[in-house]
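By written order: A, B, C and D. Residues from 1 in each chain.
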Amino acid sequence: MNVSIKTFASVRDALGYDERTVSVRDGSSVAELLREVLGGAPGLMERAESLLVAVNEEYAAGDRIVRENDVVAIFPMVSGG
Amino acid sequence: MNVSIKTFASVRDALGYDERTVSVRDGSSVAELLREVLGGAPGLMERAESLLVAVNEEYAAGDRIVRENDVVAIFPMVSGG
Amino acid sequence: MSERKPRIHIDIQDGPIDIAALCERAGTDADGAALLFVGRARNHSNGKAVTHLDYEAYRSMAVRELEKIAQDACGRWDVGACAIVHRVGRVVIGDASICIAVSSPHRDDAYRASRFIIDTIKKTVPIWKKEYYEDGSMWISERG
Amino acid sequence: MSERKPRIHIDIQDGPIDIAALCERAGTDADGAALLFVGRARNHSNGKAVTHLDYEAYRSMAVRELEKIAQDACGRWDVGACAIVHRVGRVVIGDASICIAVSSPHRDDAYRASRFIIDTIKKTVPIWKKEYYEDGSMWISERG
């Protein structure tokens, strides 16, 4: 199934793109998707625990199951204000 | 000796003047001066304990000795802001 | 606590307070936070409808007390700039009776200093508020 | 807690924030206190001179999170109006990156709600700050 990935700030800088569609197997969790997406960027993999994930604009934990066409955003700790 | 009296808000309303020079005996305390000044306004006398006094623009306690030409302000609890 | 000299501005004035101008006074380049407190005339008090307010001040002493409070706040917290303007005379509903602008490098100092300033003003600065209702008026210091 | 419906305004915008306009949004006739928090780009951070900032947002989600925070604050405290505007893009030293205007009948609610809002924004709203120095730049989320 296809999932839309969005990246921000240092995660985008490390991955080199801000949006991409990826294909993952049905029933994948957020954690599995993260390993897939961050696999090619070792620096990010190391600090995967500190990254935040939102599915369809709501924060999601690692065990959240991703569905077809979900929008999954991956980003570092926020620092606005 | 002569002392300048200033009054504000409900104290002024009760006394009917906002400034006056009064003559008191040398060595009078703030408390004695208050009895003198408020004597003619029984409503004020009753709540003398809740009134505030400033001598030369600094808050003063009842035992403070007043001097010639001091400016003594008498007013109710403040309520600005 | 702070080693730099904070900018302090104190005023007691008749007529509307220029809030935008006050905002511009707040904040040096070292300050990451600015906090503006605005005390406004509200349309009710203790269950009664209020039509307008009237503020009276012992002006010279009130300015001295405001300066003391500003200095005290700047000594306790790391404040870059502090401006306090109190209005006197008639204040209609919705208008500002007092504005306090405080800025600091980090927000915690601004919040603490601002709160300290307004709380202390209400205890020590010789200014009195009179509330007007449809059927009369009352000095607020009488109530307590 | 409040039975009236508070006025909420949320925006994420490019370019300078109109602070005076925001002040006017704050405050109904029932509100005796208004508090404006301004987060400003300051000229230093962790001992380094900062030349300017750049803010990036996940805009749609950030607006949703800001709305949640405003609703939450209005549920916890008696707030008449709440406006939050966050700026994105380049912000020069001294300019506002965020403004939060909160009004309430009594000042305690405004102080508590304002502090809650800015503290929560810094934890949950997907906006990132990049600091620029003479010799480079850094995403601030990296630092912790």
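The rule is simple: a contact is a pair of C-beta atoms (placed from the backbone, for glycine too) under 8 Å apart; a residue touches a chain by one contact, two chains touch by 3 or more.
From a predicted model like this one, the values you see are computed outputs, not experimental measurements.
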| item | value |
| --- | --- |
| Chain whose Cα centroid lies at the greatest distance from that of chain D | B |
| Length of the line joining the C-alpha centres of chain A and chain C, rounded to whole Å | 48 |
| Chain B-chain C separation of Cα centroids, rounded to whole Å | 26 |
| Distance from the mean Cα position of chain B to that of chain A, given in whole angstrom | 73 |
| Multi-partner residues of chain C (each touching 2 or more other chains) | 39, 118 |
| Interface hub residues of chain B, defined as touching at least two other chains | none |
| Each pair of chains that touches, named by its two labels | A-D, B-C, C-D |
| Chain D residues touching chain A - in the complex, by the definition given at the top | 39, 55-58, 60-62, 64, 86, 97-98, 118, 121-130, 139-142, 144 |
| Residue ranges of chain B touching chain C (in the complex, touch as defined) | 6, 8-10, 13, 52, 54, 57-59, 73, 75-81 |
| Interfacial residue positions of chain C with respect to chain D in the complex | 19-20, 23, 26-27, 29-44, 93-94, 103, 105, 107, 110-111, 114-115, 118 |
